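Here's the structure we're looking at; comments come further down.
Letters are used for the chains, namely A, B and C, taken in the order the chains are written, and counting of residues starts over at 1 for each.
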């Protein structure tokens, strides 16, 4: 098991965004998380990547505990040093790419492996070039993010996340900020990663993609997991009324 | 766009600066190389000035007389007495008049004469503590008492006299030019030992321990020679310029307040230089100023 | 006084103006950074005090502040202020400009999207690395135009050192103008200030251009 999340609760003020969510990801799994906006699916991802702190629950990566719940029912994070170690297990691709605009494409990818993981420069650069080739961007290594299209930027962002060799890669609506004609190139890359058995969790609105690529689909609404299972099951034969309604709205 | 504006500004400034040199600097320094046209123009101006005599004159009536003395921190009686004694000794040995000769604008206003001095009470030459350095506080904007000389060095009547006092007593001399508005802070904080810079005693009797009065001065009204202002009464409805924090200003705010109230405006300037330029340009009708500073101001134009 | 005497005297004054200028830049820019962090502090007391400090520095005339820095030690603590004139000027200018720079930096920090911090955090950068490698370079680019403005203002503000009778260029211009009853020194001073500011604007434009490679 790569990621285990149990009994996750998260509120913003009076608004309960995650209501006791449990969620596991196995090695090699590709999980799609779908649901209406405000359902809590992005918050779930941000909690999993420690960008938000949970109020209660447990989070464990690769068997190493990152968050436990005290006897009073409050979340307790492990010390900073341990948390930093655990952070190395995952990568995150943002909706808005969040590339560093002042770094070239290559430096965006190599800087963290060199300066955070302290790996040898030459090795990192060679790997980065390999990743760029995979992203079909090997000729843009020296370009700056502002010179790239949205789809190209997102592919660089994926390469940047992969360069740290994570065990699991999270995608937070990776194509939502893109023009429709550019989503294809990003989805193609994710599909390719799925074929290579990369463990991934993708929060997405792209239903056909979720259906075609993932091993498991999770439908979230109002802070709870309403339904989950095989994509053909969830899409083809949804059990819950809310899922049916959501998918119907989507098809129109 | 930016560059164009910069260029235009630069082009505007260059002729302006050349004109500035021609108008004011050239007449004072005949040896200075200047463009031929400018020299010719200046010569013409000087000719007309010579024909009509002085360009700027003082009214016969004055605003009042005041005395220039050396101001010390309240309580510094001993220092005041020593310095005053040394000044008198310099009167007796002729140094005082010697220095006065160099400053024609001041000469007539020097008020100390050997006849009034009792030589027996004065400090001996070289009797001062050789380790003591006397810090002379003065304003460098106040010719001819303390100002930048033609060679850009610090000088003036007060500076030379103070130096002579230190030499006489065997003290070290340290010039401390200060900003006139901050003179009291400088004195009280000890960055200087005295205020000695054409410093008027009247109205400030209790604010300092006063040393000797070494010069008198008369506050007067400076007008263009061809002005229709001939008496103080003619100033009614006119614009009069004065420099801030000067005795002339103080008088117009105090003893001559009634006169000042008849003016259309009493315009207060940061320096007399600017006021004088306004007078030349016709922006004001007269300047209230002490006679020595005023004589110095108009010397070039009346030459 | 010949023009060359005037120019050389004022040139000396200009060197003093330059000393004020460069030392102020040297101290106020890093100090502004510290003040900016204090201003952004989550501790209410710290950010509150910093806020008051900035309000005072920006809300009172620099001339007054210079007098305070110079005479303050004597009037408050009875300390001797001999030889303290120049340091007081540098302290006065630096403390004042640091307040302005702090606010410029703060404005620059606010232009950086939250996503940059989040990306850096997920990639494992430490707080220090995030600031110096990711945030600061972008802040610098964002604030350059305001910084240029501020530096140009400083060039002209050096003339306020006349308050403490430090014979920088403008004081000399005033003194020579008084002794020569001439306007020329002011025009020379104007040309000097203009050239200095033109050089500053030129240098800053070059820096801006150098950072133009990204948006």
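The rule is short, and it goes like this: contacts are C-beta pairs under 8 Å (C-beta built on N, C-alpha and C of every residue); 3 or more make two chains touch, one makes a residue touch a chain.
Predicted model, so just to flag it, every value in this text is computed and none were measured.
Enquirer: Starting at chain B, how many touching-chain steps does it take at least to reach chain C?
Expert: Shortest path length, in steps: 1.
Enquirer: Please list the single chain whose C-alpha centre lies closest to the global protein C-alpha centre.
Expert: Given all protein C-alpha atoms shown, the central chain works out to be C.
Enquirer: Report back the single chain whose CA centre is most distant from the CA centre of chain B.
Expert: Centroid comparison gives A as the farthest chain from chain B.
Enquirer: Counting only C-beta pairs in contact, which pair of chains has the most of them?
Expert: B-C
Enquirer: Taking the mean of the CA coordinates per chain, how far is chain B from chain C in Å?
Expert: Chain centroid spacing, chain B to chain C, equals 35 Å.
Enquirer: How many angstrom lie between the CA centroids of chain A and chain C, rounded to a whole number?
Expert: The computed centroid separation for chain A versus chain C comes out at 46 Å.
Enquirer: Round to the nearest whole Å and give the separation of the Cα centres of chain A and chain B.
Expert: Between these chains, centre-to-centre, one finds 80 Å.
Enquirer: Where on chain B does chain C make contact in their complex?
Expert: 2, 6, 9-10, 13-14, 16-17, 20-21, 23-25, 28-29, 31-32, 140-143, 147-152, 176-179, 181-182, 185-186, 188-191, 271-273, 276-277, 296-301
Enquirer: Considering the complex alone, what residue numbers of chain C touch chain B?
Expert: Touch residues, chain C against chain B: 1-3, 5-6, 8-9, 67, 71, 74-75, 80-82, 85, 162-165, 167, 171-172, 174-184, 187-188, 190-191, 194, 198, 201, 205.
Enquirer: Considering only the defined contacts, which chain A positions touch chain C in the complex?
Expert: 49-51, 84, 87-88, 90-92, 94, 96, 98-102, 111-112, 115-117, 144-146, 160-161, 164
Enquirer: Please output the residues of chain C touching chain A within their complex, sorted ascending.
Expert: Going by the criterion above, the answer is residues 113, 115-116, 118-119, 121-126, 129, 133-134, 137-138, 141, 213-215.
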